[in-house]
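Note that subunit A is present in both complexes that follow, paired respectively with subunit B and with subunit C.
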Partner chain A sequence: MAGLSISSVTKRFGETEVLKGVTLDVADAEFVSLVGPSGCGKSTLLRIIAGLEDPTSGDIAIDGKAVTGTRAADRNLSMVFQSYALYPHLTVAENIAVPLRMRSLSAVQRLPLIGPFLPGAKEQRSEIATAVQSATEMLEIGPLLDRKPGQLSGGQRQRVALGRALVRDPAAFLLDEPLSNLDAKLRVQTRAEIAQLHRRLKATFIYVTHDQVEAMTMSDRIAVMMGGEILQCDAPSVIYEDPSNIRVAEFIGSPKINILPVELANTEMTLFGRVLGYITEAAQAGIYQLGLRPEALKLTQAAPVVTGTVAHMENLGSEVYAQIALANQTSRVTLRAAPAERRNLRLGAEVGLGFSLKDGLIFDADGKRQRRVEVAVTHEREVA
Partner chain B sequence: MAEIDASIAARKPQEVNRQARTAWGLATPALALMFLILLVPVVVAGVLSFTNYSLGNSGFDWVGFKNFDRLFSRSTYEKMFIATFTYVVVVVPISVALGLGAALLVNSLGRIGDVYKTIYFLPVMATLLAMAIVWEFMLHPTIGVINQTFEMSCGTILEVIPFLANGCADGFPLWLGDRDYAIWVLCFIGIWQGFGFNMVLYLAGLTAVHRELYHAAEMDGAKSAWERFRLVTWPALGPTTVFVVTISCIRAFQVFDTVEAFWPQGGGPNKSTYVMMFAIFEKGVQQNLIGIGSAITMLFLVFVMFLTLIQRWLVERKVHYG
Partner chain C sequence: MTRDIWKHLILILGAIIVLAPFYMMLSYSFKSPGEIDRGTGGFFGAQEMMVDPRCVKLRDPNRDEIAAAAPQYPGRSDSEIRNAIMAQAEIDCSTRPVVFNYTKAFIEAPLLRYLLNGLIVTASIFFIQVLVALPAAYALAKLKFWGREAVFGLVLFCLLIPVHAIALPLYIMLAKVGLTNTYVALVVPWTISVFGIFLMRQFFMTVPDDLIDAARMDGMTELAIVWRVMLPTAIPALLAFAIFSIVAHWNDYFWPRIVVTGSRDLFTPPLGLREFKGDADGSFFGPMMATATIIVMPLIVAFLVAQRRFIEGITLSGMK
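What follows is the complex of A and B.
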């Protein structure tokens, strides 16, 4: 087990720059997710770490040793592929044994007929069998050992691919969207199992996904990637509560964060012409963006900050999401409400919304988080 | 409820009958054609192989197994078997291996691969009969390009090679007229002509190999090209290989046009290239001995059928599909 360090890695495919100088340090036994929309370069980064692709510039080091020029087979990493990439002609047991056979048996010892009778082969073969046995026990796929991948379900194949990755003791595990081919229910279950596996193995995991829920639930840290860059790399709670960029705030969180335009002039912050509060520290006047999570918005009748009509409702049972079309505005905001409030939220009903400015995230016009802009709230405006 | 069930049950057999009649009616023309064109000729050939029938005769005599007995006792037919099996045993493995090798090489190239593909496929597209004439010129003992090229080496350092030394001293082989060389020349041309076809089949097979499997093999520690081939490519090509081998075998058994072009009179020097197809043609068509011709045909069918069955069995046991 070892840490990993990626320093200013770039990758170009012809004219297209897929990675624009990515730097990331992963500590030993850490679970880091690379998350971002399709085409953000996360899979390319993973393949560069694995050694399946060469970076245009930059360095990769595993456990302090530079491996940039080293081929994938010599980097001692394990990878789980999106398509699982199981060898279709081998049984489950043989599939899991492949990494060990390739590494511990010589080419002659692997020969089909005479191989088993060569000196030393017998002990090594029994060692491999033991390792396969313990891997399959860990993943509970013992009964499937003699089947071929074609006879397995998606979830079972996924387990076999995991088994093949963890049968030896790699420096780190690389997982490339391993859950994306599973159905929703199985995904939730496997998510928990992978997280448990990580705790049990105490191994370094790098996990690529486009699904923010997977990233939020499993990771120690999330690296949010967009347009070939890591925008922010922090613990899931920090990423959610304290994003440093409006694109991070918009990508993480479901439903999406509400963005409202606010204006700052003469120490006054206004939203749609209404004064929200006063800034304590001098900040440049201009247009800013106020980010409000759906749970930060509250239904209120007394002195609402904004009003609107209910345009769409999604009832999930434990909570209700309502899209509110703001009065005199083209934009909509999403509100999370408790089921008890459902009777106030009929389609077309007029509602008033309030929020606490403490929950608001202020970004400048370019989307950069403005942590220094602090707003002192006037008492009569605060509605909670 | 019970009444309704009963009425359905009563109506059902009638309906099934009607559907079955329609189905048979629709299938009859196809079935009739199949019997008439595909099966009847085989049965007729089978029947004729037990007679001494000749085309134009008003009748024939049943001769029992005499035709078959002759096939296994006369030395001409012994030579026929030797020539045919030599050809199959040499041409099939080499043309399959070359086809696979060429496909792997072409597949690893980018756009330039298309050029190679076309070049290797040229002999397949060209008529073998026309090509045979060109080969005949090239292989001519005195004025052919091949022997003239060999003669150029006489008196040079290249004479250390025993073949060239012997040739310069005693004359180069007659090739098509030499009973030791004729069958090998035939094999060579068969391979030259056939491997491009196998290459194309293998290229099609290679497109179906999942790219990510190679990455998985690399991650699993398969470092050499041979290890990746053994782990990923070869198993994935299993179905293609079975097909390519079957097709190559059948084509090899059917070799005829080269023999007919080179040795229209009697199957090569000392009958060394007297292959089955040529024997059928010579007996059945040229000499109008339909009985013995049919007997060879039946034997030919048995061989091909046997091969197909072996391959079928292999497919079911070993080869992984999907």
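What follows is the complex of A and C.
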């Protein structure tokens, strides 16, 4: 088990720059998710860490040792692939044993027929069998050992792929969207199992996913990647509550965060011409973007900040999401309401919305978080 | 419905055209020379006892033999004794045509030796072809290197070169190194099969990259990936290639005819057929066709056994 450090890694494929200088340090036994939309370079970064791809520039170090020129096999990393990539001609037990066989047996000892009778081979083989046994017990795939991958379901294949990865105590586990080929129910279950596995093995995990729920639920830290860069790398709660970039705020959170244009002029902050707050400290005047999570919006009759009509509703049982078309505006906002409030929400109903400015996140026109403006404004009176 | 009938009619016609030579070959291998000449006897021939004229001729007694046999025929003249011996020879030398044809095939020519040669030559060719084609195809399909497309273009270009065009230079080269009339001459020119490289490359393209990456992570070298991962997944394609390669070289008459000039010990089965090419005394079609039947039999049996996987390989249904 070991930490990992990635410093200013770039990658070009011809003209296109896939990674634009990525720096990331992963501590020993940490679970870090690389999350981002498809094409953001997260899989490329994982392949560079694995040694399957060479970076155009930059360095990778595992446990303090630079491994940039080292080939994949010698980095002692395990990888689980999206397609599982099991050897179709080998049984489950043989699949899991491959990494051990390739490492602990010499080329001659691996030979069919005569290999098993060479000196030392017998002990090695029994050691491998024990390791395979314990891996399969951990993953509860004991009864499948003699089957071929073609005879397994998606979830079972996924377990075998995990087994092949953890059978040899690697420096770190690299997982490339391991759950995306599973159905929704199995995905939730396996998600929990992988998180438990991480706690049990106390190993370093780097987990690539485009699914923010997976990233939020499993990771110690999430690195949100977009356009070949890491925008922010923090604990899930920080990423959600305190994003440093509007793209991070928009990517994490479902339904998406509401973005409303606000104007800072003179001493006031206004939204659609309505005063939201007053400025107490000096702040740059101009147009800003106010981000409000769906749960920050409240239904209110008395002095609503904005009004609108219910355009669409999604009832999930434990909560209700309503899209409100704002009066005299083209934009919609999404509101999360408790089931009790459902009677106020009918399609086409007129509703008033209020919010506390301290729940809002303020970004500048380029999408950078403006914490100073937030501090400057939220000290003033609250609107609700 | 009527379209189906037409389809089948055309297919049946095609099948007849393809099967007719085999029918003739099999039929001739059963018949006596007379029946073959006259075109009588149906498929199996009448299978009446026939006399092998050469066998009888060989037993024609000379003067000493007649003298030696004289005590057995007391009071007969020499010509009577000779007639009696010849009559006995005719009885001894008469066989069923089918037995005649097939025993001739094995006795007149060392057919077993030829079959063994064919086996050695085709097996060595195929083995070395695989040894060369698999790594080459893997590199062309899965490794990124400068000029890969150009190299693949050259491979495709080589598919266009007819064997006969380079036969003479090849022969001269082999002759200069003194390798004519050896197994090497029969095998070496065929060891690099561009068709094999092409076929396997197309199959390897369908193998997911993840599988190769997984193998690399598991600690396999590139060559280990070829033999431990690619080879087992490519068995159907390899079988298809095996059929092409083995059929082509088992049946090849052209190249062995060129490089095997002296020793009959190196004759491959098709060269063996020449033994029955008659000279002044007419061809022995019966034994010749019996030999031909024996030569094609291993191929037909092999095809029937591997039929299903062979078709799988041709359609190149890779892994999902």
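Just so it is clear, the second predicted complex is superposed on the first by the 373 of 384 C-alpha atoms of A that agree within 3 Å, B and C clash if a C-alpha of one lies under 4 Å from a C-alpha of the other, contacts with A are read in each partner's own complex, and residues count from 1 in each chain.
We take it that a contact is a pair of C-beta atoms (placed from the backbone, for glycine too) under 8 Å apart; a residue touches a chain by one contact, two chains touch by 3 or more.
Predicted model only: the values in this text are computed from it and were never measured.
Chemist: Between subunit B and subunit C, positioned on subunit A by superposition, is the outcome a clash or a fit?
Modeler: Here subunit B and subunit C cannot both sit on subunit A without a clash.
Chemist: Is A:M102 touching anything from subunit B or subunit C once the two structures are fitted on A? First, second, both or neither.
Modeler: In the superposed model, A:M102 contacts both subunit B and subunit C.
Chemist: Examine A:R164 and indicate which partner it touches, taking first as subunit B and second as subunit C; both and neither are also allowed.
Modeler: Both partners, subunit B and subunit C.
Chemist: Between subunit B (first) and subunit C (second), which, if any, makes contact with A:A72: first, second, both or neither?
Modeler: The answer is both, since A:A72 touches subunit B and subunit C.
Chemist: Between subunit B (first) and subunit C (second), which, if any, makes contact with A:L52: first, second, both or neither?
Modeler: both
Chemist: If you stack the two complexes on chain A, which partner ends up touching A:F81: first (subunit B), second (subunit C), both, or neither?
Modeler: A:F81: touches subunit B and subunit C.
Chemist: Once the structures are superposed on A, label A:T190 by its partner contacts, choosing first (subunit B), second (subunit C), both or neither.
Modeler: In the superposition, A:T190 contacts neither subunit B nor subunit C.
Chemist: If we overlay the two complexes on their shared chain A, which of subunit B and subunit C does A:H89 touch? Say first, second, both or neither.
Modeler: both
Chemist: Touching subunit B in one complex and subunit C in the other: list those residues of subunit A.
Modeler: Shared contact residues on subunit A (touching subunit B in one complex, subunit C in the other): 47, 50-52, 71-73, 77-79, 81-83, 85-89, 98-99, 102-103, 164.
Chemist: Any idea which subunit C residues touch subunit A in the complex?
Modeler: Those in contact with subunit A are residues 208, 210-211, 213-221, 224, 229, 232-233, 319.
Chemist: So in the complex, which bits of subunit A are touching subunit B?
Modeler: 47, 50-52, 71-74, 77-79, 81-83, 85-90, 98-99, 102-103, 107, 148, 150, 164
Chemist: For a test of understanding, state which residues of subunit A touch subunit C in their complex under the given definition.
Modeler: Against subunit C, the touching part of subunit A is residues 47, 50-52, 71-73, 77-79, 81-89, 98-99, 102-103, 164.
Chemist: In the complex formed with subunit A, which residues of subunit B make contact?
Modeler: Touching subunit A from subunit B are residues 210, 212-213, 215-216, 218-223, 227, 231-232, 235-236, 238, 320, 322.
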